[in-house]
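Sharing a structure, written as structure tokens. Questions coming.
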């Protein structure tokens, strides 16, 4: 199964290989207390987690540090994944920006992989993956438009969906129109 | 050489087949409706802009609960009501629809549990003035009553 | 086939195709660096009708955002709504009655046919044939009439609800759909003779704009763009959702990788969609169209959720990040033509402008869907 | 007919009137025909069957301002639409509608028509060059290569016909086809040639006429989905109107020539009504085919068009010429 193989390959990025506690995947919270806990969880450590496809819609969830990103994406490229999308999430409470990369496969060995990396909100810089996936170009430009995340080494990082002179980033939570 | 001529022949044949089809279509009756001169009736579920539904006496059924106002994604609806002296129920005093922002999603009609608003079948709305699309539905209802 | 003559940079000129150009079907602009009729370099400029649906998603509650999805793609709107309701249902654990799912599938497939028909007409019009567009619109009109009778609108439907549907279909609709299927099959034969077989048409598409499977993968192409390049990928098959596993249908795949292959895939898909509609009507169960138990206010638990569906234009995905509130924390809309269009810059290099525009037509672009 | 001033004036006025009327009403016919093929009514509001549409359109076009883009070559920009209309009108002068109705018969009538037809291509070049618009420029470049490519097979095919009849006089060519329908050049069973390849000559000639008049599927000059409107992108008002009318006038000339060369001119298969009506009937049937073809086929590509000419039409027409020459030598 490609899922297991990919998981192993991705896990090799994390030398400690600390078997993460079977993360209390945000299932339906039954009580108030649990909900509060879900709202303020301990910051997640880098690593690979297997998710329930029926609930979340993807199989593998890997959080990497920005400098591991290229390696992780290369692993997926070699395993013939295609790029689905790149997007960001603004975690303003933690003062972090998250970049989320979605990958999937063309064959029937279905495996959806999410790679995420957390950046400092004040200086969001992440290496570009356009060298590996040419199709990441527009997705990265879009993410740059919406969140102001700088993709280092991107060949043409100018506004794509926003006007050419846009200097605002509308999907940041503190953006006011 | 043979391939050269078969390609020409097959190509020509395909062109004549195509011309045969358009020739047949030429003699078929037209399917269009000459719009301003003829019109189609709107189907029963057609979603036009909303309209207040009157009760038997011609007064609005609305009980001024404000659910439609809340359900609306684009803040098109603004309504107000007050209790008349001695009356039990609130009565509608204002019901404005800003049709310039409405996207005809029908959330308001769905949210209304009193059947007080419904879609109109009007589709022929055109004007050069923006103000023409801010409907005072209460006034429209009263005009209909007369 | 036609190797471009390489010229010095100062011998080329810039041609602005768009934002208003008959071939771009909307406000899309391609800045082409031309050497005579050959394209040396192209840069697609999008975003002219960007509306920031994703921010609207964050600012509105879940039900309020329902109608935005159909504004993304005005030709195949139901597929997009389907994805949105599926992801929210998955996240909040709402169980959809079987009848509702069947009706959804029927509606989505009818909408897919309508979308493909419009694409067919517009594509042939790009190539200079005008009449097929009119014939395609006549057939499409039947579908729109059927959908209007049920949903109340012709293009921007707001029909799916979390847990079910806005309203039920009636016998008139079923009868109309049953009448439509043989009529559409007959029309498909007509299109085949009039357009597919036509030598001029074939000459314009055969061998034009070859897209390798590798390139599709690097750009994340889907729909007929991938299937025309020999990639057997259809979300309905690869990641079955809704009631699609119940249906018997084929995924047309062509290995020629050219514009004609993409055309053939879509034409075959119309036939397959007809089969799904037929089976759906046969198997349509009774019962309610909304679940008995449904939370009054939709508040999916915190976490992130992804759902992909196969719309008329390809693999559409919604990534929902919830913080447990009434509004989504983040709603990412992954639109298929965004990735398909992205291919264009690289693929059209060295092509002649007329081939490039035929290639652009074969990508099935809907600009509001790219720009979101 | 003596060549007096009055005669010439009448002939020219008649030719212009015929051309202009045809051009105007062919627009109407085209729109009605297209509409029928596409199962819609077409223009039907102004006058009975929408017959007042062309004059009203003309008035509208004339009422519009003629804009000349900045940086355009003014003289050429204005000359181009006139050049589009003028050769077509001039060609009518020598076309015989019957054995009596002809403005000025010449014994080199064919030569004159072809001479004027070549000028039509020049108008596209002028328009494209002077507009200072990249789309128009590309269109005019296409127009040149198209004109060169299609005049060759057209001329070769005409020479084939001229060889059979032994005359360049249009009247003489028609006279030789008199008798029955089997004497027509398209069905060479009777008459002075037994060339069985003549139907193919007709097809080649007809295709070339389509290409020469810039009609679909060879309307690459104004390929609206690629080049916006091609050479007349920058033209509005009556400048555009003249191009439009010129296109239809050219179609009429092309169809007249086809009728004369292949379909026996005013010769009637079986009496009934005078020859001139037969000529008109054949003419409009051909024009109807032009319209029918336009609304059936998609457009070719520029290299497809050149391939068709250089790889198929020119070799075939050359072979046809040799074959005919051989036949004439043998019999």
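When the chains are written out, they are named A, B, C and D in that same order, and each has its own residue count from 1.
Rule of thumb we're sticking to: contacts are C-beta pairs under 8 Å (C-beta built on N, C-alpha and C of every residue); 3 or more make two chains touch, one makes a residue touch a chain.
Fair warning: this is a prediction, and the values are worked out from it, not measured in the lab.
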item: Selected pair, greater C-beta contact count between C-D and B-D; value: C-D
item: Separation of chain B from chain D, taking each centre as the mean of its C-alpha atoms, in whole Å; value: 50
item: Distance from chain D to chain A - Cα centre to Cα centre, in angstrom; value: 64
item: For chain C paired with chain D, centre-to-centre distance based on mean C-alpha positions, whole Å; value: 43
item: Distance from chain C to chain A - Cα centre to Cα centre, in angstrom; value: 26
item: Multi-chain contact sites of chain D, meaning residues that touch two or more partners; value: 37-40, 295-297
item: Junction residues of chain B, two or more chains touched; value: 12, 15, 18, 21-22, 25, 31
item: Residue numbers of chain A (touch at least two other chains); value: none
item: Pairs of chains satisfying the touch condition; value: A-C, B-C, B-D, C-D
item: Touching residues (chain side chain C, partner chain A) in the complex; value: 46-47, 50, 52, 54-55, 58, 87, 90, 93, 213, 216-221, 226, 231-233, 237-239, 301-308, 315, 317, 319, 321, 323-324, 329-330, 332, 334, 338-339, 342-343, 346, 371-372
item: List of chain D residues in touch with chain C within their complex; value: 34, 37-40, 134-135, 138, 141-142, 216-217, 219, 223-226, 228, 295-304
item: Chain C residues within the chain B interface of the complex; value: 60, 63-68, 71, 131, 135, 138, 145, 148-153, 156, 158, 166-167, 190, 193-195, 197-200
item: Touching residues on chain B, where the partner in the complex is chain D; value: 8, 12, 15, 18-19, 21-23, 25-32, 34
item: Contact set on chain B toward chain C in their complex; value: 10-12, 14-15, 17-18, 21-22, 25, 31, 43-47, 71-73, 103-107, 110, 119
